[in-house]
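Next, two complexes with chain A in common: one pairs it with chain B, the other with chain C.
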Partner chain A sequence: MKTFWLLVRAGFRRHSTYRLALLAGMTTNSVFGFIRASILLAALASAGTAIGGYDAPTTIAFVWWGQALLGTVNLWGFAEVKDRVRTGDIAVDFLRPVDPQIAYLAGDLGRAGINLIGRGVPALLLGALLFDMAWPPSAVSWVAGAVSILLAVVVAFSGNFVINLLAFWLVEIRGITLLWMITGGLLCGLYLPVPWFPDWLRTIANWSPFPSMLQNPIDILAGRVVGDDIASAVGVQVFWAVALLALGQVVLRAGRRRLEVQGG
Partner chain B sequence: MADTTLSQRLRPYRVLLASRARAQMQYRASFVTDILGTVGVGLAEFAEVWVIFHNVDVLGGLDFTAALLVFALSNLSFSLADMFVGHLDQLPRYIRAGQVDAFYVRPLPLLAQLMTSDLSLRRVGRLSVALVALGVALTTADIAWSPATVALIVLTVVSGTAIFSALFTAAGGLQFFLVDGAEFTNAFTYGGSYAAQQSQQVFPDPLRIFWTFVVPTAFVAYIPAVAILGLDDPLAPTWLAWLTPVAGLLAWGIAATCWRLGTRHYQGAGG
Partner chain C sequence: MSIIETRDLVRDFKKTRAVDRMTFSVEPGEAVGYIGANGAGKSTTIKMLTGILKPTSGHVRTCGLDPMRQRVEVARRVGVVFGQRSQLWWDLPLRDSFAILGAIHRMDEAATRARTDLLVEQLEMGPQLGTAVRSLSLGQRMRAEIAAALLHSPELLILDEPTIGLDVLSKQRLREFLVAERREQGTTLLLTTHDMGDIERLCDRVLVVDRGRLAFDGTLTGLAGTVGAQRILVIDLAQPTPDLHDVPGATLVESESDGLRQRLSFDAEATTVAAVLAHVSSRHEVRDLTIEEPDIEDVVRRIYAASGRA
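What follows is the complex of A and B.
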């Protein structure tokens, strides 16, 4: 456990070195936030009522929490593990006393932490300052929202970790990575709230792990999901976190048996 | 005589681009995957428009067909610009790795070399999504066709591509200063593309002014689309649609300045 915390802190420090990159990310997220907020508000004005349970202040909360969490949750994936599998460096990870999945998860949690503080919170405050934004309606929502963000980071990480491990069997996983990014980007609720989708698309989204990476924490923090529904939103996330972490372990073991490293 | 010199001068670029194109097609499977990937990106962008219109009939004064036309025009220009100069995005990586110096010692201008350093053929995927959308929008919309309409469409695509290319080039010039902060420029390259796809009526006035006069992406699709469809927007009169080349020229003026400042600022990788 102590090692885990050390690795989280190392991840946090590693990514906090690039301060200018954090500021740049925050600026870009904010510009997209302005554009998306304008579009969604125009849609609400045109509909004349709330759409899918989102009225104007909660829609603004949807937009800015989404932009704030975009850098926190690793939606677009990472290539580090894939590259290490391809070069054979993953063998070094297997020799370490910590399980590779746990070690990379710790690093990713650290990365998420600095991105939330350095990039997410400033974007969120900017949005709250310039728009009429709904805050989490109660203390329960705040706490559940925080837990939900943490789970979203874990779900996104563990999904991407499995994708990265496919490099054990495939020479090039770029196609699969792309497919994951495109479906994920659409279904996680970054561009538009999942409740706005037509029924069939919403059904597909709800059976996939993607809403657990963004839509669920946003729903809780924007106050669209309250009361007992919070428990089920978090429950779904716990399910996906556990399922994908377990799947990652299975794939990691299978890959380990397959791995052949040459040279001495 | 003058023709021969020009074609001789362009010859290195032709050879370079042909070799880049051939290189990409060597690995068939990965090339096809990449194209399918950009088709997917185009479809995902379209899905966003489509889902909104699943909930409302009119967005920012445009119905679905009009919104489709704006989407198509901006995506067409963006994917063309992305194909030709989108890889200027890689500049921070070249700067950090010291590879820019290698470009400097070759007997061709730096910008021309960087532009021909890649020709991202995979972007034809997104381009084809845009073309299909344009075809559907132009056939279903109620358009009073005339030679002027056709001319306006062609002019729009050319100027739109010029505007997006200028944004990429300006971003490239600023990379010499930013390096670690490379993502800053995404705000107006990719952000500009996102804004260009929208009806400009959705934006509050300050943003609308910004996307018209500072980063002129309103000219890429919305202003021409209003003219093509004969819609009524007091802030986008028909004559303004014919000024898209002016917006393109101004954007290139700024891009050239940024590029010159950037390359002057660059001191080399040392060593």
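What follows is the complex of A and C.
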């Protein structure tokens, strides 16, 4: 546990050394937040009523929590593990008396932490300053929201970790990563809230792990999901976190048996 | 109990057999040089010893454990440095890497700090502790890698090309440290290298591997004797000189520029540099001299030739 915590801190510190990147990320998130908020407000105005349970303040909350969590949750994936498999540096990870998946998860939680503080919260506050935004309706929503964010980070990490591990079998996984990004970006509810989707697409989304990476925490924090529904939203996330972590373990084991470290 | 034990160890890659029925064992406290040409199977063996690669067949035990099935336990008892790969955290200060590794090895903070301080002092890395690893020079980084591998006081230290790319002074310091560390801790050492100096100064036993097979197992002197590897004395003379055929214990290899530069090979057991030099300089004016050590490629090539596989 202490090891895990130290690895979290190391991830936090690693990513906090790149302050300019954080600032740039924050600026981009804010600009896009402004644009998205304006577009969605216009859509709401033309509908003249709430859409899929979203009125104007919850829509604003949807947009800005989304922008805030964009850097926190690793939606677009990472390439570190894939690169280490390709170069053979993954060997070093196997020389340590820790499980590589757990070690990388710890590092990613640290990365998420600094991104939430350094990039997410400022963007969120800016959004709240410029627009009329709905806040979590109760203490329960705040706490459940925080747990839900943590789970979203874990789900996104675990999914990406599995994708990265495919490098054990495939020389180049760029195509798969791209597919993951496009599908995930749409289905997680980043562009539009999942409840706004047509029925067939919403069904697909709800059977996928992607809403657990963004839509669920946003729904709780924007106050669209309250009461008993919070438990089921978090429950679905727990299911995906456990399922994807377990899948990662299976794939990691298979990959290790297959490993052919090149050269050196 | 042997600290390393392999029996009929085999690893095949797609079309090639990288390690071919390798059988050897290393006892606690030994210092073993593991040498061979590129692609001879050295790194593959090491990766099977440490549980990174799964053997195709055969038996392997490290510290009495099955590395593939007991990887974590092996990792606790073995320290490894791959010269071409880093185990440090690239964008953090060096000090943080030691702290994290200490935690990974379940050492308490006081123990981690004490061990770090000791290694840092011996390796003279104090000034670099606050530097991000990515900003270290190659020599500094390699010392840091070795400190990182030794942090948890492993029984077995495996170094894969630890001096590759280092300048003479850095190599020297690293070797001195390793000698002292082994004297104090009794750490078993398995070392692969292309540098004969590493072997001479650090190892009492040499394994030569050729195309995945063990071609020689014995002492360094035995190795030199087996292949007749000799040191070469290169003498620059003040004037063109007839070929030096009459030096006791030495043989003329080559004469250049009308005898201005002559290369003599000599057997380190039969004579000394000083004796050869004294003999030559009593007859001719010597301007300069250098000594060429038998290089590992040469020794290996001769071994390969001797086993009829070159």
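Here are some notes:
Just so it is clear, the second predicted complex is superposed on the first by the 261 of 264 C-alpha atoms of A that agree within 3 Å, B and C clash if a C-alpha of one lies under 4 Å from a C-alpha of the other, contacts with A are read in each partner's own complex, and residues count from 1 in each chain.
Going forward, a residue touches a chain if its C-beta (ideal position, glycine included) is under 8 Å from a C-beta of that chain, and two chains touch if they have at least 3 such contacts.
Since the model is a prediction, treat every value here as computed from it, not as a measurement.
With the two structures aligned on chain A, chain B fits next to chain C without clashing.
In the superposition on chain A, contact of A:Leu259 is made with chain C only, not with chain B.
Shared-chain residue A:Thr3: touches chain C; no touch with chain B. In the superposition on chain A, A:Ile51 makes contact with chain B only, while chain C stays out of contact range.
Looking at the shared chain after the overlay, A:Leu192 reaches chain B, while chain C stays out of its contact range. Residue contacts after overlaying the shared chain place A:Arg14 against chain C, while chain B stays out of touching range. In the superposition on chain A, A:Leu95 contacts chain C only, with no contact to chain B.
Between chain B and chain C, it is B that contacts the larger number of residues in chain A.
Remark: least CA distance from chain B to chain C after fitting both complexes onto chain A is 13 Å.
Taken together, the two structures place residues 18 of chain A in contact with chain B in one case and with chain C in the other.
Residues 18, 20-21, 23-25, 27-28, 30-32, 34-35, 38-39, 41-43, 46-47, 51-52, 172, 174-175, 178-179, 182, 185-186, 191-192, 196-198, 201 of chain A are the ones that touch chain B when the two sit in their complex.
The touching residues of chain C, counted against chain A in their complex, run 13, 43, 47, 50-54, 71-73, 75-76, 78, 80, 82-87, 89, 91-92, 96, 99-100, 103-106, 132, 160-161. Taken together, the chain A residues at the contact with chain C in this complex read 2-3, 6-7, 10, 13-14, 17-18, 88-89, 91-92, 94-98, 103, 256-257, 259-261, 263-264.
Those residues of chain B whose C-beta lies close enough to touch chain A in the complex are 29-30, 33-34, 36-37, 40-41, 43-44, 47-48, 51-52, 54-60, 178, 180-184, 186-188, 190-191, 194-195, 198-199, 201-204, 207.
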